[in-house]
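The structures considered in this document are given below.
Two complexes, one shared chain (chain A), two partners (chain B, chain C).
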Partner chain A sequence: MEILNALALFANFVVVPATAYGAQLALGALGVTLIFGILRFANFAHGELMSFGAMITILITWFLQNMGVSIAPFPTALLALPIGVLATISLALVTDRMVFRFYRKQRSNPIVFAIVSVGVMFLIAGIIRIVIGPADQSFADGERFIIGAVQSRKALGLDEGIAIKQSQLITVVVTAIVVAWLFWFLQKTRSGKAMRAYSDDEDLALLSGINPERVVMICWVIAAALAAIAGTLYGLDKTYKPFIFLQILLPIFAATILGGIGQPVGAILGAFIVAFSEVTVTYAFKKFLAYLGPTDWAPEGLVQLLSTDYKFAVSFIILVAVLLIRPTGIIRGKVI
Partner chain B sequence: MGKLSTLLFSAALSTAVVAGASAQEQVKIGMLQGFTGPTESLVKPMALGGELAIQEVSDSGLLLGGREVVSVRGDSTCIDAAAATAAADRLVTSDGVHGINGATCSGATTAILNNVVRANGVVMISPSATSPALSSIEDDGYFFRTAPSDARQGQIIAEILDRRGIKTAALTYTNNDYGKGLADAIQAAYEAKGGKITAVAAHEDGKADYSAEIGTLASAGGDVLIVAGYLDQGGKGIIQASLDTGAFETFVLPDGMVGEALTDNFGDMLDGSIGTNPGTDSPGASMLAELASGKGFKGDDPYVPEAYDASAILLLAMQSAGSTDSAVYKDHIMKVANAPGEKIYPGELAKALQILADGGEIDYVGGTALEFIEPGESAGSFRETEIKGGKWETEMYH
Partner chain C sequence: MTKRVALLYGLMCLVLIAIGFLQSWNVAFGIFNLCVISAVMALGVNMQWGYAGLFNVGVMGFTALGGLTAVLVSMPPVGEAWAAAGGDIALSLLSLAGTIAAVIYARRVVPGALKLPVTLVLLLAGYFVIGAFFGPAKETIESIDPALSGYLGGAGLPVLIAWPLAGLVAAGAGWLIGRIALGLRADYLAIATLGISEIIIAIIKYEEWLSRGVKNVTGIPRPVPYEVDLIESEWFISLANFFGATEISDAAGLFVKFCYAVLFVAVLAIIMWFAERALKSPWGRMMRAIRDNRDAAAAMGKDVKRRHLQTFVLGCAVCGIAGAMLTTLDGQLTPTSYIPLRYTFLIWVMVILGGSGNNWGSILGGFIIWFLWVEAEPFGNWFMSTITAPLGEESELAQHLVAGAAYMRYLMMGAILLVVMRFAPKGLIPEATNRSTAMAK
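Up next, the complex of A and B:
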């Protein structure tokens, strides 16, 4: 029983939140890695693209809620998400047409692109703050829990419960569907193959009759759709705050680089490693060990490697370690 | 002889002219509160409360021979010391205020005190800065507060936990002067009473997710979780994460967490949680509530009586001193606030001004049963509330 309690505790505070967080990071990292694979630059505006997608979804959600439209017990945001995705795709294509295409024609080097993307990031951030403001917004509705902490405690007959929020399950399911579709698309379709060819060797792809502008467009469409979905899921699971999306860039880039930049499988792997590291390293194992140890015994301290204040430091440490030890990432990707 | 009387007459005349001129000059009170930032929902009624007293004095036509009093608003924010200093600087040097009602948060207040108040010699009375550090700070006699120090609130919370038989508690605080000061005060007082704080963890405001912080606190355990934070900010996230994971069900909520926004958000999920915030059952509080009800805000919201009292004390001290010069009237603040004298309740400011003008003495009671102790802060009385059926219910006063 004690071991089961320890496992339930660990699942409740580490496995469940880290899995949902990892899935959210994975969607973000996939977008970043695709842009890097095709367009060959680190897109710093990706976080704000996520924020923009979530914002449009929230506005539509509010509209639907006012109209009385609901798909209870599911959150209304799922209904609004396709419009958020379309709006984000439009924004991405417009910025590409108005900003990035110019630099592509100039054949600017990746550093110039990265800096341009920082400019785009500030621009989108400004638009978001004008439209929805800097405060946090709540838009989650529908059933909050699949199974609540107290409920699961009774069902399992344990002292510790495992709470699973609906938003966490939706996050994981949606991520799984999107990732499966993406891999099918990249492996099996003509456009996907064209993208991979273009990523592999730009000139050779051009000679084989692949239209580069089309590949770039598809790449933006996919990256923007992933961003809008990731942003909305993150907001649904936690809370929507425009400031968060600058902070979240760090773990997303850490995940991308750790997995091997330009490698979709690596992005997913990296995302879950980063998420689990962040949560595990800052988790206090006192109660967990108390369950495993002798009765009526508990460790003196909290048995915590790093204070929760240093959560973001974990991403930094991973980034630095990867760049020093294996700059190509787990799955051999490009070196920045 | 004739010459002398002419001289006297003209001197008297010129005095009258000078007095007449000063009667027309407005008395300006800076309303320097955190209109934006983590306290924005607290501050709206506070500022209105402070301005209610100003309006009352102005309408009476009795202050220093009938001078008009106006409020000049400034945004002290709550967490941005540079913005707070700039706003205070504007009020003092550009608007030329004669006294300041503010600032809202302890960090901002400390910055303003060090950079503007002492440099320019202007009286500042904060209605809500409660950090214990402000009790010992060097203020040259210009700083007062109508809110008690958190050291006091720490003792009250320890007494409440002790009385209710709560033996262990986890503690989280917002990582700033207010949160740290209050957390230290609670821990010291609670442990002195034999209680056990299982873990202390700071939380940063403005994050989307607090499950990691709650994981740490839950691992340490405890009967209740004490959340020394802000209801619009991390405090709300901490409670959300606790309820989601089932880590804690009962919370102890100091003043920064007491507000309708919390119960509006969580409803009856917080039933049984305990709140403390400055408050009193003296008749002054209900008199102020009545005054405020006609003006479209709630006079018994947190820190509204303190804000009313801060404005009132500033103006009554000016009347007592017969001057709007901070260096002169600062020494009259303790005198008008404390016994001996006629007790003054909200809505009786005109009476108080008349008594002072006639050379009498007053003992200002106001909305908070105000009693100033050295070094110029309220002794404080606290309201203990419990959330029942999703509503804050007053349990008792301490």
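Up next, the complex of A and C:
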């Protein structure tokens, strides 16, 4: 029984939260990797794009809550999400038309694109802070838990329960649906194949009559939609903090590079590796080891490899390891 | 070309003088001092971006490292903490050195396939050995008088020594990160520096034994006189009377700011002299050649990665010096005030606006952007109150918008960056190249 308790504890504090976090990162990393693949630059504004999508969703959610609209037991934010997605897509298309298209025509260096994306980041960050303010916002409603700790303890007949928050389940389900659709799109449809061809070899794609502007547009639409969904799910699972979306860029970039730049499968794989290492390394194993060891024994200290304050260090270490050992990533991505 | 430089610098001076007359000379000198520090940071970034085309997104980290050095050099040591935990700290340092030595030795001796597992095992073992000494030491230090100290303190040396040292420390961090990320894709360096800067901030925020963390270190000894001493000393009172000062405390504040200004301008001048000399030397020509066509330069036998590492480290050192200067001016280290938009991306706007590759441009960019950043707040307030005036005082929307007015500066910086990149990618003072002078003829 003790081993089962240890496993339940591990599942409750590591597997469940890391899965939800990994799913959120995966949606972000997919967007970054698509832009890397098609537009060939590191988009520093991606975090703010996520934040913008979440912000619009929150505003619509508040509006709906005031109107008394609710889809309980589900959070109202799910109802507002399509509008957040549409708003983010419009924002992405506007910035592409006003900003990035010019440099594409000039065939500028990828670094120029990255610097320009910093300008876009400043603009979106300013808009977000003026509209919703810099403070934390909570917008989750509906049922909090699907399976509560007490309930699961009884059901499993263990001392430790596995609690699953509704936001976590929604995150995983939504991610699964979106990712399945994305892969179907990329593999089976004409536009998806055009995108892959363009990412693989731009000139060859142009020769075969693929319209580059259309490919770029579809890429922005998908990346922005994914960003809005990721931002909203992240905000729903934790709380919405405007400043966090600059920090979350780091794990997202680490996941992208780890998986191989421009590789959607790699981005998902990378996101889950980053999420699981982050949560595992910052988890205190004291109670877990106490269950595994002899009765009435517990290790001294927390047995925590890194304090949670340093969770960003984990993505950084992963990033450095990838750069040193295999700069192309797990699935061979693009390297100049 | 030089006319344009003189004109732009003259305009900037006029604006600062106007602030002196319209607001107050204290405000004008306050802005000027931070302008000079910003200009030093911009010079550092320009060495990396303008000379070599390296995209460093971790300026904040190197600045903060400089600030930490200022604290560690100048604050008086906390004797009690050293007495209680000094031995443990020494033992943890020893075990750290031992771990590193063991790993290096093992990697030389152990055959290829076993290298990685052996290294990992050694690292893990070292981690627990260090933790065994370090954990209790940390707790002891942090428990000693936590309201006032609760950290190890510094070396108690004059703070001016910290400035060059900060350069060395930042250069060390830059070397480490440069070794790993240079020579790969250009955006990898950006992402890696973004990471290292977040980690440096996290260390300063959470390692209370080292930096007091979010409890902040205040009262860093100054390199210049204190106002309270000035208003009591004979010579200062007569000096103030000579200049016809009405308020002695204002005059003292102004005098202190003036002393800082002299120090900062001296540092800026020294760095600028070296930067200009370097740019005009064969080394500078080589750097530009590498930046403009790296394959051709490599074919001519230039070691591109090594040169990149060199400029990257130099740029980081300059950012570190600026960080130490900033902490000295503030007299305190507040880790929570380090945010990337202000300490990394704002510096980038300075360099791009001023003119990539041109040191004079970077200094000008530092002045203009810092000035706008400071003055954006009153302007934003005025703008927001004007456009919300028709809504009336009571309106919630109006109050919300006025509260958000401070963030107008983000919008402004984004707009400046985008407009400059689009319409004047060479900046206000473009880089002087032989080609452009030839074309002018």
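Here, the second predicted complex is superposed on the first by the 335 of 336 C-alpha atoms of A that agree within 3 Å, B and C clash if a C-alpha of one lies under 4 Å from a C-alpha of the other, contacts with A are read in each partner's own complex, and residues count from 1 in each chain.
By definition in this document, contacts are C-beta pairs under 8 Å (C-beta built on N, C-alpha and C of every residue); 3 or more make two chains touch, one makes a residue touch a chain.
Here the structure is a predicted model, which means the values were calculated and not measured.
A.B. asks: Figure out whether A:I115 sits in contact with chain B (first) or chain C (second), or with both, or with neither.
C.D. replies: The second partner, chain C, only.
A.B. asks: Pick one for A:D309: touches chain B only (first), chain C only (second), both, or neither.
C.D. replies: Both chain B and chain C are touched by A:D309.
A.B. asks: Report for A:K287: first if it touches chain B alone, second if chain C alone, otherwise both or neither.
C.D. replies: A:K287 sits against chain B, while chain C stays out of touch.
A.B. asks: First (chain B), second (chain C), both or neither: which does A:I83 touch?
C.D. replies: neither
A.B. asks: Name the contact category of A:F243: first (chain B only), second (chain C only), both, or neither.
C.D. replies: both
A.B. asks: After the superposition on A, what does A:V14 contact: first (chain B), second (chain C), both or neither?
C.D. replies: In the superposition, A:V14 contacts chain B only.
A.B. asks: Between chain B and chain C, pick out the one touching the greater number of residues of chain A.
C.D. replies: Partner with more touched residues of chain A: C.
A.B. asks: According to the stated criteria, A:G126 is in contact with first (chain B), second (chain C), both, or neither; which is it?
C.D. replies: Only chain C is touched by A:G126; chain B is not.
A.B. asks: Report for A:Y234: first if it touches chain B alone, second if chain C alone, otherwise both or neither.
C.D. replies: In the superposed model, A:Y234 contacts chain B only, not chain C.
A.B. asks: Considering only the contact definition stated at the top, list the common interface residues of chain A for chain B and chain C.
C.D. replies: 243, 307, 309
A.B. asks: Please give the residue numbers of chain A that touch chain C in the complex, ascending.
C.D. replies: Counting only chain A, the residues touching chain C are 41-42, 44, 99, 102, 109-112, 114-116, 118-127, 129-131, 133-134, 243, 246-247, 249-250, 253-254, 257, 261, 301, 305, 307, 309-310, 312-313, 315-316, 319-320, 323-324, 327, 335-336.
A.B. asks: Which residues, counting only chain A, touch chain B once they are in their complex?
C.D. replies: Residues 9, 12-14, 17, 21, 136, 144-145, 148-150, 153, 161, 163, 165, 234-235, 238-241, 243-244, 278-279, 282-288, 302-304, 307-309, 311.
A.B. asks: Using the touch definition from the top, list the residues of chain C that touch chain A in their complex.
C.D. replies: Contact set of chain C toward chain A: 53, 55, 57, 127, 135, 180-181, 184-188, 190-192, 194-196, 198-199, 202, 205-206, 339-341, 345, 348-349, 352, 400-401, 403-405, 407-415, 417-418, 421-422, 425.
A.B. asks: Which of the residues in chain B end up touching chain A in this complex?
C.D. replies: Within the complex, chain B touches chain A at residues 175, 199, 201-204, 206-209, 211-216, 218-221, 237, 244-247.
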